[in-house]
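A single structure is presented below for examination.
In order of appearance the chains are A, B, C and D, and numbering begins at 1 in each one.
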Amino acid sequence: MHKLLTAAEAVGRFVTSGATVGMGGQNINRCPMALVHEIIRQRVGGLTVVGCNLSLPLDMLVAARLVVRTEQGTGNLERYGTLFAWRRAVERGEVTVGDYSHLAMASRFAAAALGLPYLPTRSLLGTDLLADMVAAGVAVESVDPFGGRPLVLVRALAPDVALIHANRADTAGNVVIEGVTSHEVDMVRAARVTIVSAEQVLPAGSFSDRPEQVTIPEAYVTAVVEQPFGAFPTSVYRAYDFAEAEIKEYQGLGRAGDEALREWIADNLGASFEEYLATRDADGRLRGALADRMRSLV
Amino acid sequence: MHKLLTAAEAVGRFVTSGATVGMGGQNINRCPMALVHEIIRQRVGGLTVVGCNLSLPLDMLVAARLVVRTEQGTGNLERYGTLFAWRRAVERGEVTVGDYSHLAMASRFAAAALGLPYLPTRSLLGTDLLADMVAAGVAVESVDPFGGRPLVLVRALAPDVALIHANRADTAGNVVIEGVTSHEVDMVRAARVTIVSAEQVLPAGSFSDRPEQVTIPEAYVTAVVEQPFGAFPTSVYRAYDFAEAEIKEYQGLGRAGDEALREWIADNLGASFEEYLATRDADGRLRGALADRMRSLV
Amino acid sequence: MTVLPRELLVAEGARQIRDGDLVIVGTGLPLLAATLAQRTHAPGAKLVIESGVVFPKVVPTPVSVVDPRLMHGAARHGSLFEALGGLVQRGLVRTGFLGGAEIDQYANINSTTVAGKRLPGSGGANDIASHCSQVVVLTDHERRRFPARCGYVTSPGFLGGPGERAKAGLGPLRVKVVTDLCVMEAEDCALTVTALMPGATRQAVLDNTGFAPAFADALETVLPPDPEELRLLREEIDPACVYFPERIAR
Amino acid sequence: MTVLPRELLVAEGARQIRDGDLVIVGTGLPLLAATLAQRTHAPGAKLVIESGVVFPKVVPTPVSVVDPRLMHGAARHGSLFEALGGLVQRGLVRTGFLGGAEIDQYANINSTTVAGKRLPGSGGANDIASHCSQVVVLTDHERRRFPARCGYVTSPGFLGGPGERAKAGLGPLRVKVVTDLCVMEAEDCALTVTALMPGATRQAVLDNTGFAPAFADALETVLPPDPEELRLLREEIDPACVYFPERIAR
């Protein structure tokens, strides 16, 4: 089955208002920026965004006023600071938050990926984090019936739609990711629908001579979008480094306020991700430099 | 850390009498024959052998009177029939058996691999298989506290020592497997000790330019043994096909009786796996043909 | 062109697969049936193999779930946990093919032990019968294979009878048993004969079944494979007669 | 050669790593400490990164747990579930480095919320504090960072006091907090000051701590890094002063 769509088509068909969106990427790596831009262009709102570390794409969606809730392990950009729009929206009570440990979130996705209602974990015990999860009905304190020790059961989480950006995909939906995969594989296997954008889309069956190297098989993938530099300004392992100046500029605006971020969005996103890339890097030199730098690092 | 040992050294150091042995491979693929032969040579007995599908290596160990118990999803060789020595030993009551579904066994290994006392499954419900597991104390009937539906908790299983055969390893213990991995990755991550035999052992770090392609990282591997054709007469994907005539000959002897199998073991195993290979395939033509046939299949 | 009884079995097995189905299958006649379906009416059907092979392009003729012929051209080579947990238990695989030493009137299957004789065990069968919504069994029709109640229930059909599957926590299931005598079907009830193989009689079915199956009012006759199906089966899917030694004998 | 306070912090952090340890670490000073340990007394120490990087050979200077500089030369690029489940929860990682907005007298850590201010959240911190047997915290010594009791316990130290960790079902833990003033340690008890940084006083520690820590009888003074350690840190581990802007200023 041929699954190749444009970002506009894929988001238009599969990301609906009020959806729970499983966000791929982590921090400054492989965030599905092209797909997130398209959600902003199409103004799909009322979203619950879930992931492990949520970073730039979440903050942009929050600044665009499209998010009502997040569930995650962390919301930040590590060295580049907090997510300013998210933090403000949370502190103003406009966005509600479910807090988890990373392992708890990974376990929730894994449970749904395996068709299970929960997975146990020995994390969380004794903490306020657990108390909040229990109060929210997403965790239960339990006892291991075999050894008698305390244990926490964390509820499965199946996103309505998962968004990831990958190195390569074929038109049947087989996906190859290089570098770490964070929480993405189980999140995709858990999700009802998955949209994958990729640096390069190849004919169906292009990976079938090395099926071990397929990170996610087509069984879990609904739509494939080809978008070179589709994670910009975040990195794609072996393809390009992250664009530090771009991230710092965004964070500078974030610090200034939501209005500054919305202006940046209005001024930069344009009609397509290609247009956005052309706005930020007209002559392609930045992209070339990021690709060169990645080559020097791997 | 340099982990390269001979099969004799690795088995001598790490496979102890009475151990629970996690058996790699499945059916006619990638069974750790060189390591199992060495266990027979060294007469390490009282073993509990666990895996998903147990096949040739189990039957040989049973014929050699080294096994007291097995836990598995299936014991057979599919088209090549039952495991005759195992079946007879079970029917005579000399080997006790714990029966599981494949998913239940995989879940037990996964639980131990994650440091958990159990994993839930929605398999097994309503069956005699479950009743037997509950009676044996390795499963508990439970109810999902979130949705209220019945659920089975299967107890974690951590082998004392896992044995697998791989395409390649480096001397640090990083392992690359081609083709399917059956239950092996979680079994190895669960085990206290793992011995890996490989078609080829390379210097430490040989895979570090493509870490995504490392099936099992060195963190889980205790010893590495180099043994070309170390899975013979079973197959290694992209290296060689299985040797049907060898398997049929073994099964013919198995049908005849344990004594016939023990004679075959005494006559064929020799002092080393190389000697065994030379006995079965003096001029290497069989091995060449199996490698050729695999090349025609991938 | 005479059609062998087991060729009929395979052809009728193939018909249980819809285009676009995900199908979990082992080797033997079920794999031949699934491959035949892919080559005829169900080109979009995809195979999952318990060992971790996702969506292979089978080349003739695999004899094991880890046969390189069954790993060929796959979408992914993964693990048993991925196949049986991430696809089957996850609910993405509609149809499963099963075998077994015994299948009883409520479509429960025994592959563990019969009369003190040790059998191979469940393997993925229990998982498939627990999570797929359609189970197909291809088997010779022998009285000892069809007891009223299995001596040991390895894989669940409808357990003790209507409603028991749901009570145990299992999802709905449709079972189709195809034998060399007939087709039996059940959905939360006892197996009912819905079709006869060409030339088979009700009496032959009754004589060779350990319980007394009901017969559908409109009892159909199974259609033989058409010439192209037979050609595919004989020339392309199992050209070496690995699973059809009787074809060599002729 | 003047040693900067934060260079001392890193050097003392490095000393908490034994040769052969598996260490889970994020970025910033802890990663510099871990890398320094690998280059000096602990060449056999191995790093695990929560994002799924197993045993990397770090190149300067990663700013994120998914920075390509931190994926370089790894044994495996896997998943978060593999790192935090398959290694940390599995019990194979002895030492974890943690940060946080607050750490209280019983070494509990808050990285979720302080006085209505939203912080990043747990990330892997709760998992590391739950499963490692040694936790090391490198932090500036500010009074607001050391309350008697965290306003919110994100990651468990010794919870309400002795015995509570075991009662909650958590394994034993040893905590070492290294600040620009002192080293504090605890093992199922409140943090005790066991060493002072060169030039720091007991009074300075008391003035800048929100609880009154005990002081060990034999209070030691932290040794400054030797010249080779300093050279490694400045020239090889963080040559661009990514985490030492104060070095550029000088």
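Criterion: contacts are C-beta pairs under 8 Å (C-beta built on N, C-alpha and C of every residue); 3 or more make two chains touch, one makes a residue touch a chain.
These numbers come from a predicted model, not from an experiment.
When the interfaces A-C and A-D are ranked by C-beta pairs in contact, the top one is A-D. At the far end from subunit D, in terms of centres built from Cα atoms, lies C. Subunit A and subunit C, compared by their mean Cα positions, are separated by 41 Å.
Note on chain placement: the centre of subunit A and the centre of subunit D lie 28 Å apart, centres being C-alpha means.
Per-chain Cα centroids separate subunit A from subunit B by 38 Å.
Subunit C and subunit D have Cα centroids lying 58 Å from one another.
Residue positions of subunit A with contacts to 2 or more other chains are 115-116, 121-122, 149, 151, 178-179, 212, 298. Across the assembly, subunit C contributes 53, 71, 77-78, 81, 85, 89, 131 as residues in contact with two or more other chains. In terms of inter-chain touching, the protein chains here follow a pattern that is not a line, ring, star or complete graph. Contacting chain pairs (ordered by label): A-B, A-C, A-D, B-C, B-D. Residues 1, 113-116, 172, 174, 189, 205, 207-208, 211-212, 214, 216-219 of subunit A are the ones that touch subunit C when the two sit in their complex.
Contacts from subunit A toward subunit D in the complex involve residues 26-30, 52-53, 72-80, 82, 86-87, 90-91, 97, 99-104, 106-107, 110, 121-129, 149-151, 178-186, 235, 237, 241-242, 294, 297-298.
Per the touch definition, subunit D reaches subunit B in the complex via residues 22, 44, 46, 48, 53-55, 57, 71, 73-78, 81, 85-87, 89-92, 131.
Note for the complex: subunit B touches subunit A at residues 115-122, 137, 140, 142, 144-147, 149, 151, 153, 155-156, 177-179, 209, 212-213, 215, 298.
Interface residues of subunit C facing subunit B in the complex, by the touch rule stated above, are 26-28, 49-53, 59, 63-69, 71-72, 77-81, 84-85, 88-89, 108, 112, 116-127, 130-131, 152-156, 159, 164-165, 168-170, 242.
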